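The structure appears right after this line, and notes come after that.
All chains are identified by letter, namely A, B and C, in their written order; residue positions are counted from 1 within each chain.
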Amino acid sequence: MPSSPLLPKLMKAHGVSRRSFLKYCASLTSLMALPPAMAPRVAYALETAPRPSVIWLSFQECTGCTEAITRSSAPSLEELIFDAISLDYHHTLQAASGAAAEHAREAAMKEHWGKYLVIVDGSIPLDEPGYSAIAGISNLDMLKETAEGAAAIVSVGTCAAYGGLPQANPNPTGAGAVSDIIKDKPIINVPGCPPIPMVMTAVLAHYLTFGIPDLDELGRPKAFFAESIHDRCYRRPFYDKGLFAEGFDDEGARAGWCLYKLGCKGPTTKSVCATVKWNDGTSFPIEAGHGCLGCTEPDFWDNGGFYKPLSAPAGNYRRVGQAAVIAGVAAGAGGAYLARKGKADALANHETVDAFTLEKEEKES
Amino acid sequence: MNNPNFDLLMFARGPLFDFALLVFVAGVLIRVVEILVLGRKKDFSKAKGKPVQQGIKTIFTRTLPRPGAIKANPITIVGGYVFHIGFFIAFLLFVPHIALIEELTGLSWPGVGRVIIESSTVLAVIAGLALLYTRWRDPVRRKLTTWVDYLVLVLSLLPLITGYVAVNKLFGDPTFMMALHILSVDILMIVFPFTKLMHAFTFAMARYYNGSIQGRKGAES
Amino acid sequence: MRNSSKSGADLVQLMGAVANLPTGNALPILAEIQEALGRLIESGTTAVIDLGSIPFTGGDEKILQEILGDGEVNAVLNAMGESFVQETAIPGVWRVDHYDLQGKTQARFIEVTFIPDILRTQPEDALRGHEMLAERLNERTGANEKGG
């Protein structure tokens, strides 16, 4: 596929007016969480950006991320974005399989060496490469080989970004994230289980138009992972008022009270779930009545239980507490006994002294 | 990839909290049980008053300052009240704290809104700093103060300050500030049994003893 | 369900009501609009506010609508789905709502401007229009010549 400006042609082919293009750019700018004043720059970038080749690698994953992105909400937008890239390899979506599929990947790599974009979903087993392999090639080898000629890598989903579910304690496959293995390429992490489809496409759109977006210290685009869900939550006013649901079906939960006590991880989770929302902007987990699980954060599976309040201790405190009570009482009683005994002994050993003995001692010394 | 802030939070909520709880509960029990078991020398004289009643009464009456004390040391008395009341409102009526207590003990009660919690916190911190300042300014009290006393005062203020910063996202990563907040509480729990912080438990015993001694002699508080 | 008297429909309605509770963001947005309108008058600087970038529920929309009201211009674009471009009762403040071909909301903007750019005919489209008109005229005159 020749690398040439993509959208003007596409627009013409679809009989789309310039006005539609401007509307598309305005919506895209909003989607990318850029300030509206950037819309003309988005338009310019789209008019001049070449169409990149994309290789999508799926490793230890559940295909949920692919499911999500292919069902992303506003088809006219995402269709255009997918028209704007050339998806040359995706073993779940492509018609070819086995050796033919691998040939497609190798051909795309050869043709676009140094320029193609690699999207990864799923983590990579490091204990034993044989745990996960495609066409006889281990995930580790395929990632290393494909990443070598990539312009950038997008880790889609928490598994690719941080190890995710496969890495959860006790991590039987020794699963690792893309960033644990590849150190010399720019990596954009788009975590989530799955990520919000619109966020995935917006990150791709950003890459197409402006290149690598601003990333936070965990490799996430700041546009979508700068604020906690808690800060943008519509239930936040109830947190501030001190109104909390005690159960998933009590009056408070129905009245929209805060789900903190039911284990919501919103305060420590960064994502735009509360504003961009899911399923065509219908709702998001907290709106559906369930606390946030924190799926955009590393190790979210092992962070102290989904239904435990964030402020509650995460460890083995109950047994520790019981042991402390027994030990404390025993030690206290023991200490007191020793002190009493000491007192009694002191009393028993007490020698009476009179003035004569003192005088005598003084003279002797 | 790990989130070091989250790892610190999990350490503060996890193993360190367990250790702090062990030290706190066992330490407090050791000291309280020891005092109770030691007891006092039996007084064989005939009681002239009502020792038990007076003892219990004194636990409460000593909560109020004696006449003239406010005039003599206004900042110490008023600051002391504001600090203690503010600390306990922030500690016992903030719902995430109630969630913690409920998790530990099964006991729960309704909390209050952010306005009350945060103004109490701010007032308590200001009062604490004022107490620190007067203690340091007064040459007599400065002489009487050991480094542990300063440490205890600072350690009691830290949870208030870090909590306020974490909830309001004033600076730093909020997860990191939350971890610092819980860490500061862990440390407070660990030093608690070995410092004058024990007064939170022993004040009642001391007041009861004083009250009952005087009560036995016929005095009324 | 603890309260069995509540039917499923009631619950759905209740949840809808909860999700539409105002977030308190309408008034700050209105203050921003007021400031932007001042700048428009002073220096002609236009401003666009993206309502999709902040929590903005149906309840907030209601407050916004109550205060801004309906104005004189009400345009519908047919460009890859409908777009509604409406001047509010506050002249200079426009609502621009983009919908996709399925009728789902794509983006919601407040524009503070004398005329939203999207209403103008774009030079590229005018160019194409110029060509199209020439073609059509050609067709007509060509047909006339044949007929005559």
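The definition used in the following text is that a residue touches a chain if its C-beta (ideal position, glycine included) is under 8 Å from a C-beta of that chain, and two chains touch if they have at least 3 such contacts.
Everything numeric here is computed off the predicted structure, so don't read it as measured data.
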item	value
Shared interface partners, meaning chains that touch chain A and chain C	none
Geometric centre: closest chain by C-alpha means	A
Centre-of-Cα separation between chain C and chain A, whole angstrom	34
Centre distance in Å when chain B and chain C are each reduced to the mean of their C-alpha atoms	58
Chain centre separation in whole Å, for chain B relative to chain A (CA means)	38
Junction residues of chain B, two or more chains touched	none
Complex interface listing, chain A residues touching chain C	16-20, 22-24, 26-27, 29-31, 33, 35-37, 39, 73-77, 232-234, 237, 249-251, 254-256, 274-276, 280-281, 283, 287, 289
For the chain A and chain B complex, residues of the former touching the latter	161-163, 177, 179-180, 189, 218-219, 228, 231, 239-244, 246, 258, 260-261, 267-268, 297-299, 303-304, 308-317, 320-321, 323-325, 327-329, 331-333, 335-337, 339-340
Residues of chain B touching chain A in the complex	1-3, 6-7, 9-10, 13-15, 17-19, 21-38, 93-97, 99-100, 102-104, 108, 110-114, 116-117, 169, 174-175, 178, 182
Residues of chain C defined as touching chain A within the complex	1-3, 11, 14-15, 18-19, 21, 23-24, 48-50, 52-55, 57, 77, 79-81, 83, 96, 98, 100-102, 104-107, 109, 117-118, 121-125
